[in-house]
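Common to both upcoming complexes is subunit A, partnered first by subunit B, then by subunit C.
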Partner chain A sequence: MTVVGRAWNRLTLPGKLVFTIVPFLLVGAIVVIALVVIFGQLVLDILAANLPIVRFAVAATAVLLMSVPTAFLIIYMEMKVIALMNLRVGPDRVGPYGSLLSVVHGLKVLMKEDFTPTGADRIVFTLAPVVVYLASVMSLLVIPFAPGLFGQDLNVGLLYFFAVGGLSVVGLLMAGWSSFNKYSLLGGLRSAAQIISYEIQLTLSVVGVLILAGTMSLNQIVLHQSGSFLDWFAFKQPLGLLIFFIAATAEANRTPFDLTEADSEIVAGFATEYSGMRFGFFFFAEYVNVFIMSALLVTLFFGGWTAPFDWPWPVHVDLNPGALGVGLLFLLALAPLVGTIVLAAPFWIARSSMPTWQALIIGFVLFNLLVGLGVFALAFLGWEWVVGLFWFLGKTYAFVFTFVWMRGTLPRVRIDQLMGFAWKWLLPASLLNLFVTAGAIVALGR
Partner chain B sequence: MTATIPGRRYASEDDPRVILEEQVGVFEPVPPFPPRTEREAEFYTLGDGEMFLNMGPQHPSTHGVLRVVLKINGEVVTDLDPVLGYLHRGVEKLCENADYHQAICYLDPLEYVSSLFCEWPAVMAFEKLLDVEVPRRAEYIRVLSGELLRVASHALFMGWMALDLGGLTPILWSFIERDEIVEMLGSLTGARMLFNYYRIGGVNGDLNHEFMSRLGDWMTRATEQHEANVRLLNENEIFVRRMRGLGQVDRETALRMCMTGPNLRAAGVPFDVRRSHPYSVYPELDFDIPTRDEGDCLARYLLRLDEVKQSLRIIDQCLHQMPDGPVIAKLPRLLRPRPGRAYAAVESPRGQYAIYGISDGTDQPFRMRIHDPSFVHLQSVGLLMPGHLIADTMAVMASLDPIMGGVDK
Partner chain C sequence: MTAIWYVVGFAFAGVSFVFLTIGFAWLISHRNRGDIHKGLPYESGIDTYGDTHARFGLSFYIYALLFVAFDIEVVFIYLWAIAFRDLLLGGFVSMLIFVAILLLGLAYAWRKGVLTWR
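Moving on, here comes the complex of A and B:
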């Protein structure tokens, strides 16, 4: 055995790992630096020349990456909220208050067998989840999260939204047809009937908003509602809001309109034969849909990222940390230590039974929370997009909660009631809303 | 033939995938060929635009292992064929090979949601064969525990009903109520589900302190809790609209289909075994027989809610009128009743639960016929379901409240 071999055998497992990975990392870093030095300027020039394409690619990637944590968050929210409504505890094992359980769900879904039933149309069967998921995620592109924080400001944004959102029914039909299962087929047909019917109501109910705002760009619609909460379209279009909310529930396949995956009737509907990550895509798409529908509801009727009231006094934060000089270094080095100790002291003094290290941990956590809050407050005051994102996500998750709440409360409607409600009640109501709005605009001469 | 290594396949005909590929086709629930009856031949012939949908025995909401072959036209069920026997254990035959004490514990798992009501008619029939007089305290304890279990069973029914209509919450709320009651009965009988508590000539063990304290605790808020559970659904527009007029049976049809219990009373016939063929100490107790005239799923649902209130009344009276004394009659270890026949029926939460026992003078029953209301009610699904949508078949089935343990015996 050579010297190298003997030395290698003496290493522990972590040692072996470190000695394997570190050289690779070093070489990789050198290569990256070299590439940046040689080609960096060239790449930057190309990117600068094609800014719209770059912007689109970045936005699409960001939206794709954002959708999975959003789904995780909503899944956790649903598990926990419905558990509390059912007088259960809900998830409480993985992570603090079970908050990592949906991440574990995601990993579990990845590890499961990817099964295709015999007799299924393999290509369509594989493509269906992709279509459904992409249809959901692509709708996210036009939603304005905050001033300057959106994928694309299309002047036909709303049209794009409905067009792309309507694609998901194609995916559901594909899944239902290709699965070679009667329950899937029934689920797919139900979803086609349901989503197409409610798509009309959904589109008609926002025409009133379009007339009022005079534009289809979601950014412009939000800007139209800026001011106090009295300027929101919810107060000018209450009927439209109601119709939109009901149709959005049906569009997102949520209780009480979750007929496509009614587990007490057609097992799991279009997703019956799916397993593993293909099922995961359907599952994520469903929750992303909930987020999207809430986001659109907020954008159209509840002022999007605008704050419900003006901040009563103007605050200008002119922080230039660089001006502190060496003092900043001392602050960064000392503040955590001092803060931790100061915050730990009350616990340590008040409870003699508490060991010092526990008090220190509490102090550390509290200090981090305080700093986080402080940084958020500064960002909130200083940057417009943080304010916008705060209000937008706050409002959106309020409506996500409403969807979850309805799931915990209501039973499911029947398919004939569902269709009858759409065509006999919602359609006339949305037409009425449209005519009244248009008439008011003409009468008031605006 | 070449030498083969075990575990490896060579010929393509050995490959299960190949066999599957050949056999693959749309699954049709094919009957035994040739069809045994005219009805079978008619059912398994598809009309224009019709298709079979096999529901169960492994389906989220067929209440156990019931298999229903639905013939559907779009979403409308045109015909159906219930297939039974997935839970058959031959209980009647098992009872013939056990002595009289042992036979009782075979009956428990029949109606596993309210298992005391399976023991009750058996012990009553055996007591008739043996001419035993049951102590009054034992009778009161039987009524008390039976009515508690009726409340528990109806609570579970409420939850399942809502779950089959897509409501998530009521099942968990009613399970809380049921859990309190089965814990209570657990402290009385030693088991939470299959109690095996009634004995020939009385009951196994007197009321104990834990049971009484749990019962008192529960009784203080039973009405309130019941009202809270009822409020979850009763005024829900979606729920009421789906249930009203669904699976309607009129008086005559209900009687013709031999319905009993809440299903019959919801059709307007005030037949209750407790009142019409009084047994135990029910004649001494004051309670009403609620009836409804509509005969639809909503009536069956609301009627059970009314019955819970009457059960609470009965429990209250039992506790007030409970006499002192022994809880079991003195009987020999080995029972040899006189040769003869005895029939006993009780009002279980699902209807008339009856046992017809024949004794030949030995220590084992010669024959035991179990009359299970779930089985009888299941024959009317063929009458109630056609013409409804797939979603409603589940609601109709839930409203009849069958328990497959008793159906398949």
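Moving on, here comes the complex of A and C:
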């Protein structure tokens, strides 16, 4: 055996992996550089000629990939917030304050066995989670996250949103029917009945907003509410907001309307026979739905990405990093070093029991936090879309928190109460809201 | 007309994302055929009894019928709401009549006791 062979055998598995992958990466990088040098200008020209399509491709990819971390974050919020409400500690092992637990759950689901029961209709059984996930993710396409930051500004945005969201009923029925299980069948039918009953109230409650805004494009609706927070439709449509909130809770299958997953009655409802990644997509779709419903609530009634008040001190950021010349290089090289040592010094001096390396790590983390905050502050003052994203995500997660809060507080309703409430109370109330809004516009003449 | 192609493209991207993930999970996950009991439907531990696609309540069907009626109504109301600034009083009265006819149907269903879950 040669020297190389012996050295290879002494390596651990990760070491072998690294030594296998690195040559491939090197070759790949060289090929990519060569391709860029040869074809770069050509590709750039083609991309510049098709700018709207490129913009859409980037936005669509971002929106699609955004759905996964969003689901992880909301799952973590649910675990931690409900734990704290129950006076428990909740997840605290994986990552800081257990914040990586939902990611680990996701990886676990990815590696679990994906089993199809003997009696199941294989094709429909596999397609059902695809339909459910697609129904929730496709709604993200029209949501305006910030000025100029959206997938596509459809002029029938709101109608598209409800049309695509309604597709999830088909997926749930497919899952319930194809599972070949009584619990699944009952769960699927229950979810379908619940979702179609509340779909009408959900769609009717926003008609007041449509009359006031005169458009179905979500971007235009947000622009109609710009100004101070008194321009938000929440203050012009309080009844519509209330109906929308209740119907959205039912639509996203959240407590107190979570009969579809009433585990004490029908095991896991339509998802009883599902396992592995196909179950994972049902799970993701549920939490993406929570985000989407909160986002739509914020967009329609709470001004979307508009700030509730104007920034009181107008600032004009006018930085030109190029003016520093060579000084910029020195700044980039020395600032982290000096910053880390300066921030580490108080810890190193004050606590003699702390090893030097720990103090240095703390200093480095603090420095990064400070720089991050500084960059964010600069961007917040200078860039419109950072401000918009900040306010939009802030408001949206406030409502996500409200949904979680309700789960920690309210008991589940009975199914006869659920259906009766939708048809006997919410439907007349939403029609009343519609006619009061329309009548007010006729009476006031504007 | 181009907007519909954006939607179709996004749907295609979403479907491929889901199928790629499921395919990747299928590649790395553990698989075992198991014995005959593994493929049986889960019914809280006992063997399944009777027809699995059992009979279920008629109320599901009636709710679906009601839903179709009111959901079509919503499509009309949306268009009416967008154009309401131009219609004003005439639009208000005509929509009142339109909804009154539908509410008649709802009242009939209510009187028949369909809306009460049994």
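Some points to look at:
To be clear about the criterion, the second predicted complex is superposed on the first by the 397 of 446 C-alpha atoms of A that agree within 3 Å, B and C clash if a C-alpha of one lies under 4 Å from a C-alpha of the other, contacts with A are read in each partner's own complex, and residues count from 1 in each chain.
Keep this in mind: contacts are C-beta pairs under 8 Å (C-beta built on N, C-alpha and C of every residue); 3 or more make two chains touch, one makes a residue touch a chain.
Here the structure is a predicted model, which is why all the values come from computation and not from measurement.
In the superposed pair of complexes, A:D258 makes contact with subunit B only, with no contact to subunit C.
When the two complexes are overlaid on their common chain A, residue A:G119 makes contact with subunit B and with subunit C alike. When both complexes are overlaid on chain A, the residue A:N86 reaches subunit B alone and has no touch with subunit C.
Judged by the touch definition given at the top, the superposed model places A:K182 against both subunit B and subunit C.
In the superposition on chain A, A:L431 makes contact with subunit C only, while subunit B stays out of contact range. Touch criterion met: A:V267 reaches subunit B and subunit C at once. In the superposition on chain A, contact of A:I415 is made with both subunit B and subunit C.
Of the two partners, subunit B and subunit C, it is C that touches more residues of subunit A.
By the touch criterion defined above, A:E199 reaches subunit C but does not reach subunit B. Common to the subunit B-facing and subunit C-facing surfaces of subunit A are residues 118-119, 182-183, 186, 267, 415-416. Taken together, the subunit B residues at the contact with subunit A in this complex read 17, 20-21, 24, 51, 53-54, 59-61, 75, 162-169, 172-173, 176, 233, 236, 238-239, 241-242, 389-392, 394.
Those residues of subunit C that touch subunit A in the shared complex are 3, 6-7, 9-11, 13-15, 17-19, 21-22, 24-26, 28-32, 36, 38-44, 48, 52-54, 56, 59-60, 63-64, 66-67, 70-71, 74-75, 77-78, 81-82, 84-85, 88-89, 91-92, 95-96, 99, 103, 106, 110, 115-118. By the touch criterion stated above, subunit A contacts subunit B in their complex at residues 82, 85-88, 118-119, 182-183, 186, 190, 255-256, 258-259, 262-267, 407-417. Subunit A makes touch with subunit C in their complex at residues 56, 60-61, 63-64, 109-115, 117-119, 126, 129-130, 133-134, 137-138, 141, 151-152, 154-155, 158-160, 177, 179-186, 189, 192-193, 196-197, 199-200, 203-204, 207, 210-211, 214-216, 267, 272-273, 276-278, 280-281, 415-416, 418-420, 423-424, 427, 431, 434-435, 438-439, 441-442, 445.
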